[in-house]
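Chain nomenclature is as follows: A, B, C and D, assigned in order of appearance, with residue numbering initiated at 1 for each chain independently.
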Amino acid sequence: MVDLAISVGTTQNPEAILFWVLAPLTVAAALGMLLVKKAVHSAILMASVMINLAIFYIAQDALFLGIVQIVVYTGAVMMLFLFILMLVGVDSSDSLTETITGLRPIAIVASVGFGGLLISLIGRATLGRSAVGLSEANMNGNVKGLASLLFSTYVWPFEVVSALLITAALGAMVLAHHQRIQTRPTQREMSTARFRGESLANAAGLPGPGVYARHNAVDVPALLPDGTPAANSINATLKARGDMLTSGSFELGKVDTSAEEEK
Amino acid sequence: MTTSNSLVYLIALPLLGATILLLAGRRADKWGHLLGTLMSASSFGVGLYQLSQMLSRSNEARPVTQKLFEWISVGTFNVDAGLLLDQLSICFVLLITGVGTLIHIYSISYMSHDHDRRRFFAYLNLFIAAMLLLVLGNSYLNLYVGWEGVGLASYLLIGFWNQKPAYATASKKAFVMNRIGDMGLSFAIMIAFATIGTVSFEGIKEHAHHTSTGALTAIGIMLLVAATGKSAQFPLQAWLGDAMAGPTPVSALIHAATMVTAGVYLITRSNFIFDAAPTAQLLVVIVGAITLLFGALIGTAKDDIKKALAASTMSQIGYMILGAGLGPVGYAFAIMHLLTHGFFKAGMFLGAGSVMHGMNDEVNMRKYGALRKFMPITFVTFGLGYLAILGVPPFAGFYSKDMIIETAFNSGGTKGIILGVVTLLGAGITAFYMTRVMILTFTGKSRWDAEAHPHESPILMWLPMAILAVGSVSSGFLLSRGDALVNWLAPLFEHHGEHEELLAPIVVSGLALAMVAIGVAVAFLKYSRQEVAAVAPENVSVFTKIARQDLMQDSFNEAVFMRPGQLLTSALVKTDEHVIDGAVRGVAQLALGSGSVLRGVQSGFVRSYAALILIGAALLIAAIWVVI
Amino acid sequence: MDAANYLYLSALLFTIGAVGVVVRRNAIVVFMCIELMLNAANLAFVTFSRINGDLNGQVVAFFTMVVAACEVVVGLAIIVTIYRSRRSASVDDASLLKR
Amino acid sequence: MLNSLTLLMALPIIGSIVVALLPKTKETLAKQVALITTLIVAGATIAMAVNFQRDNVDLQFVEKYSWIPTFGINFAVGIDGLALVLILMSTVLAPIVVLAGWNEAHGGRWSVKVFYILILVLETMMIGVFAATDVFLFYVIFEAMLIPVYFLIGGYGTGQRSAAAVKFLIYSLFGGLLMLASIIGLYVMSGAQGGHTFDLQALSQLEMSSTTQNFLFLGFFIAFAIKAPLWPLHTWLPDAADSATPGTSVLLLGVLDKVGTFGMIRYCLTLFPDASKTFTPMILVLSVISIVYGAFLAIGQRDLKRLIAFTSISHFGFITMGIFAMTSQGQSGATLYMFNHGFSTAALFLVGGWMISRRGSSTIADFGGLQRVTPVMAWSFFLAGMSSLALPGMSSFVSEFLVLVGTFTRYPVHAVIATFGIVLAALYILIPVQKALHGPTTAGNENLSDLNLREKIAIAPVIAIIIALGFYPSPLLKVINPASAHVIAQMGFTDPAPTNGDK
């Protein structure tokens, strides 16, 4: 599989085909990442951009980097992103409406200017230069070539970067660690709070969410005897995220099929 | 030229007196007036000594100089603190110190009730010193020091009772108007230095005959401006009337006998310039002629005895200036009139002071009347001065004024006739208003306020008046006997060819006397035959109203100089505050404003910072794009 | 094929990433856009390596990857912390730089 | 006494260290130390003046120590007649200011001791700025002088003191930075012509194109015109003088502002003779405007301190006019004017300050009839005013007249317009004199106390100097003349000969 990719990528014409097929896809995925509403979708598109890039690396005789790209980026980093996305959930920041006046046009004008100038600059800088190619450098294999550089010329940066990596890992742990400010309430205290509190409304425990025969979900509030939705039957986190459906849409005879499609 | 070491004492003695009196303060209250009088008298003594020395020498050797020290010396501008006493200055020295001493004596009594008599004597001594410096300085710059010195003394003395705001204003007005004249003197000195290269009398006289007429005319005109300021001549005459705010002895000494005649001295002293600059000389004559009528007309309407006398002074100095403007023939007569005027006008002022002294400082002549019986000595001395100013033979004015009228007639051509007529007319008006003063004050019925108790003044006051009256009677005769003064001064002036005589002296005298007679007669008819109102009547002719307001001179100054000046000042103050400083503050506001605008960029939103970074990166790329 | 095409692609991706950083409000998406920019840079490095015929460019790209990984780890931890206290992952809510 | 400028500069610093070491509570002792120090410095300066060779146009008492060798910067000092006169003025004024403003430091933001430390440090700089012969040293002191003055105004002044101090500082810094640019320009030019240097003598030999010269000249000139201050760069002065204590105002207007006019002669004329000639017409017009404008503004002021400040603007116009008239009379007159103005402004500010502190108001209209209540104070103010309006017999007359005569021989029109300033001077002095001293004694002024012995001792020498120099200015002129003749000769000018000497 890898060998095939190499053989396809390194030949002259096949590389062009590869490039002209994958490059538009990559750009499209990158643009999509900007334009889609949901962060999860962005993450998926991002992963695809990364895979494409890995292929480009391999096509350009950077086998090791290509593999690392897939393993580290697509495998580890993107999974981390997805994990955090799941943890944080969806919120208003997913909306694409701009809240800072005038920022979007400024961004577009500036980016068009920036991109245009950069591309034209690259054009001027590289015009008429042909690539040397890495066949000579990769004589002993790409990994060996990289290793000999890494552990000779770049050994000091390598050590520093490794220290950085460890520091980052520690830092992430410190940041993510949640320290309690108060001691965890004991069962007794919770019980006291429930029965000696100002009202006895919740003495019997909070109501469960509205789990209906037609729809089995924890994000739909239960209905109180008078037919109004019980807001406190929903998990606080879901409420905070705004991931709540109205129970009214499940009334008999008014089956909302959109809920089905949502799933 | 003879040198002397004693000239400086003339000035030093009164200056020392002034310094001691001012520094000693209240401690000198008891003896201050005596010291002041002594200093003035000793200066007079030195003057007499100098005169005797001078008489003992031949004509050419008479001028005496003394170099005190090198005053200002920069490059070619060299002025020594040097004194020059010649035939001209000795006249002034004796007049100043002589009349000055008499007035010191008079003031001892006149000011005896004043809390600040010592200060008054200090100022008087200061004035004497400055005035002596004026007439003794051997260069225009030395003269200038004295010139402004007398201005300062005059300012201090007019404002002696400056707790009254009007008096303080009068003193300020006098100083400022004098400064305008002084500016003319500085211009004259500057032009003289730039064109001739020296500012001493001697140096300029030496070079005058080969200096261009244009330059000399310019110098002459500027000297005339100076003279108009100091001598209250048209158009800088307005301050003199107000200057009567000062104590009466001051009016007698400074504003009648000495300081105001400094302009005549200046023109006479600068004879070498004016002789060579006919245009300037003509202007001098014109100014003199205008002022002599101007002053006389004001004099006819004044009810304030001192202001009437002040107007008369203005008019008489007009005669002198006119005389001095007539060139070599006129200088001596101008000086002669100056000296005789010094006697009779000082005498009359002292008389007026004596009247005021007896009348609770009342100055309105309409509230006098019939004082002859109560103040016989004052009446006699004043009357002698009156006869002198009228030019009745053989009193002093007859000799001096008639000479000027005669010279005016004989100055040739239409100019001579015009000037002659003007001077004759002036003589007639003078007769009218002086007779008016006499009648209102001394004759007729009494119109006093109830609390007035007229009485004759003490001997210390009437003695100087009497001495001056003697001068009023005899000085003209003595000075003109055998052309004494003319011959005495002759060496100083260029010799002149004889003019054709338009009118014989006897004819001129006849005409003048006729004019005087008419003036006196009209005054008699108007004031002696009918009752004089104690309050000035309001239903008078427009002419009288204008004359009462000093011929609108103050309104004119106010409208033409003061108001626009005030407007300009306040406009400039606003300009400075809002335009110039506004521009400065504008720059500060600009910095603050641009700061607060740029602060908006720091919104705190990460994404706007990111946008800025993007823009920055784009600009950077653009810069690279442009460079490579 | 001209290796410069990769550079153009890299520039394009970089620009898209930059726009994303500016216009998206979700901190995680912003982060992903930063990653995109880093990756675009990596592509350029790799391409340079090919053009120059030595492996230095690849080494730099390798280091970039490591640093990017560190950045992601710390960055995501920060996002989690912020989310925990503010219940939002919008970068606009965290305008503490000003107030 | 050793004739060393460095030692002279060190003396006040030593004094300030002594003051600094005193405990904060011993206020009187601090004042005494400051007074004694300034008196010693004044004495030392007079001794130097006696040893000064009057006819020698070269710099005297020259000292030179290497300071920053990398850039060829030396601590180089030396004085000619011009600098000597100004140093003399500064050091004589310093003890007078200390004595006159004995209680000025109370009520300030910091302690009394700090006030005197600032004054003494300022005195060192005042000597240094006139004595420096290294352009860089001059610049450093020129700018450093702002610091003590800033604190003196901002810390011990009245009213809007902080705002005034900031305005003063920024205005001066702006000019100073323009000058710094020019100095760097000179340094670079010197590098191209035989070695980098900041030495004034060496720099004056530089060959420059006229454009370069004009730009460098402007950098210096604007800095000096702000300091001097010349219309229209004057607006900081009234504010600063209004807020500063009288003593500070004396040092500010009397000494610091002289650095501007001194700099015009020493740096503008010496370093850029051609550019000076190019700009002379413009500068003369500005000077004449300053004279008349300052006078009008003074007439229009209601506040005594601001009035005095505006009279100074008018006087500085005269000084600048004299400098650029390029005649020996103008030049000597201007230098003498600098000296005399120091004393006449000192007299005005000190007496004015006493009046204000007694009355508790600086509005002229609040005074009235002081002559009856406080005769000595009134007389002092009157004499100071007479000196300001250049009454003959006062020292300022000699200098003002020399400036006018010197200007007239070359630029008659300017001189004529400037002469109108003397009439305006009469107004701007006599109006406050009339309002404050004359007239009936108004409410609030009845119980003012006259000058006490300390104040009399402080003002007496000032008035004595004013009058003495009015009658006998020769000693100073003899020191000034060679220096100004040297400047005129360097510029390639000769006094205009009498024009109409021949018919």
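Just so it is clear, contacts are C-beta pairs under 8 Å (C-beta built on N, C-alpha and C of every residue); 3 or more make two chains touch, one makes a residue touch a chain.
Molecules present, by chain and UniProt name: A, B, C, D = Unannotated protein.
For clarity, every value in this text was computed on a predicted model and none was experimentally measured.
A simple rule picks the central chain: find each chain's mean C-alpha point, then take the one closest to the mean of all protein C-alpha atoms, which gives D.
Looking at which of A-C and B-D shares more C-beta pairs in contact, the answer is the pair A-C. Chain geometry summary: the mean Cα position of chain A and that of chain C are 13 Å apart. If you average the CA atoms of chain B and of chain D, the two centres end up 37 Å from each other. Averaging Cα coordinates per chain places chain A and chain B 103 Å apart. Mean C-alpha positions place chain C and chain D at a centre distance of 65 Å. In chain B, 603, 605, 607, 611, 614, 617 are the positions where the chain touches two or more neighbouring chains simultaneously. Multi-chain contact residues of chain C (touching two or more other chains): 18-19, 22-23, 25, 91-92.
Taken residue by residue, chain D touches two or more other chains at no position, since every residue touches fewer.
Applying the touch definition to every pair of chains gives A-B, A-C, B-C, B-D.
The residues of chain A lying in touch with chain B in their complex are 100, 103, 106-107, 110-111, 113-114, 117-118, 120-121, 124.
Across the complex, chain B is touched by residues 167, 170-171, 232, 234-236, 293, 296-297, 299-301, 327-329, 332-333, 369, 371-372, 375, 379, 386, 391-393, 397-398, 401-402, 404-406, 408-409, 412, 415-416, 419-420, 422-423, 426-427, 430-431, 433-434, 437-441, 471-474, 477, 481, 484-485, 495-503 of chain D. The touching residues of chain B, when paired with chain D in their complex, are 22, 25, 69-77, 81, 141, 144-145, 147-149, 152, 159, 162-165, 168-169, 172, 175-176, 179-180, 182-183, 186-187, 189-191, 193-197, 207, 210-215, 568-570, 572-573, 576, 580-581, 583-584, 588. Looking at the complex, you find that chain B touches chain C at residues 602-607, 609-611, 614, 617.
By the touch rule above, chain C contacts chain B in their complex via residues 18-19, 21-23, 25, 30, 91-92, 94-99.
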